[in-house]
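Shared chain: chain A. Partners: chain B in the first complex, chain C in the second.
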Partner chain A sequence: MEEENLNRNELMRKIMDYKFAINDMALFLDTHPCNENALMKHNDFVKKYQECKEKYETAYGPLSIDTEINSWEKWVYDPWPWERSEK
Partner chain B sequence: MCNNNNNNSLPATLCYGNAYVPNQTFKNIFSPAEGLSNGTMFPELVIPYYPNQSLAEMNYLRDYNERGCR
Partner chain C sequence: MILGHGKGVKNNMWTYDRQLQYPINIKRRDPKLAKVIISQYGGPDGELGASLRYLSQKFGMPDKKSKAILNDIGTEELAHLEMVGTIVHQLTDGATAKELEEAGLADYYTDHGWGVYPQAASGFPWNAATIAVKGNPIADLTEDLAAEQKARATYEKLIDLCQNNKEVTDILKYLREREIVHFQRFGEALNGVQEKLAQKKFYMDNINQVL
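And then the complex of A and B:
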């Protein structure tokens, strides 16, 4: 898989890319619910998004609260979105 | 469930005071990274707007956009 050797920032960037693509495909599908090609693309992006998110969370801790969290400290003391990097 | 009523044309009679949006057809899309930086996954929807846009710029964009839209 192409996301094999990405560093933390690159992986995060992929996650943002796929999340955007998913949302934009959803907007299209809302008005074109029968479009098979768009649906295929949507599902492809969802799959890749989930792969990247899982990979990121395994390595660096949870991105959102709907993930299984092994160490709550990791969640609490991780940098906030406005803190651009770990201290 | 999915009745594929692919009617891409606008109604024959357009009423005054109503806004109409042409039905978008699915063609090539950007890669997710390109999409995020363009604000849309659809190349035909890249329609940048700048205040005080010059006529030359508008013509350039019109030529650039395959739909011929500004």
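And then the complex of A and C:
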């Protein structure tokens, strides 16, 4: 997997990229539901998104509440997306 | 405790993703910019109105593709609401009461402190009268096309006002581009509705059966 050696920020950036691509393809498919090429791209982005999300969550904690969570503390105490990071 | 059944499980209508749609990490505080950018949070052409406009219109929409696009763009607008809230928060976070006062935010500070309140740049609170839900596909989709153009124009005004802060203009440019994509998709939905209506004779009070 090309995401093998990414650090936390780089992996998060990949997740954001794939999620954006999924969303943009979804809007296109809403008005072009029979477009096979767009559907293939969408599904490819979903696969990559899920791989990155799983990898991130295993290493750093949950990104959404609908995944298995071993400890709730990260959800509560980790910085939220709207908070400024010092990095 | 097991909450889902492995990856890819979607068992809620909406869940919070712990990630923004576009990265925001504004290093330089600037409450003066927050004072105008807040208009895209709760102003007449802002993201709160956008999300509620589309997510409310979808219930009365007879056309399948239009239902889908209203639902999915409405959902994306909620992500944009979060982004604009994040910009306002980061531009004011850590500012003293004095700094807020100097930025013209004494009134705002009095009522809302460091919270983010849905209001226009003028201070007027968010108002449902800024959106329309007509229950007619042509009227609603035409309103949506105008709404996207008004939001685009607002972002351009904000970009003009934020020229000295590239961290902020980068994000505003991204949001502006999304308005253009949404305009395109709503245009396709409206064309689809008009093509269907042209295919057979219909009476205007029958529009829901035709679609």
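Operating definition for what follows: the second predicted complex is superposed on the first by the 83 of 87 C-alpha atoms of A that agree within 3 Å, B and C clash if a C-alpha of one lies under 4 Å from a C-alpha of the other, contacts with A are read in each partner's own complex, and residues count from 1 in each chain.
One rule holds for everything that comes next: a residue touches a chain if its C-beta (ideal position, glycine included) is under 8 Å from a C-beta of that chain, and two chains touch if they have at least 3 such contacts.
Note that the structure is predicted; figures quoted are calculated from it, not measured.
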item	value
Touched partner set for A:69, first chain B, second chain C, both or neither	second
Chain B or chain C, by number of chain A residues touched	C
Partner chain(s) touched by A:21 [first = chain B, second = chain C, both, neither]	first
Chain B versus chain C as contact partner of A:80, first or second or both or neither	second
Which superposed partner A:37 touches (first chain B, second chain C, both, neither)	first
First, second, both or neither for A:53, with chain B first and chain C second	second
Footprint overlap on chain A, comparing chain B with chain C	13, 16, 20, 24, 28, 31-33
Contact set on chain B toward chain A in their complex	2-4, 6, 23-24, 26, 29, 31-33, 35-36, 40-42
Residues of chain A that touch chain C when the two form their complex	12-13, 15-16, 19-20, 23-24, 26-28, 30-33, 46, 50, 53-54, 62-69, 78, 80-85, 87
Partner chain A, residues of chain C touching it in the complex	1-4, 6-12, 15-27, 65, 68-69, 72-73, 76, 82, 85-86, 89-90, 93, 181-182, 185, 188-189, 192
Complex contacts: residues of chain A adjacent to chain B	13-14, 16-18, 20-21, 24-25, 28, 31-35, 37-38, 41, 45
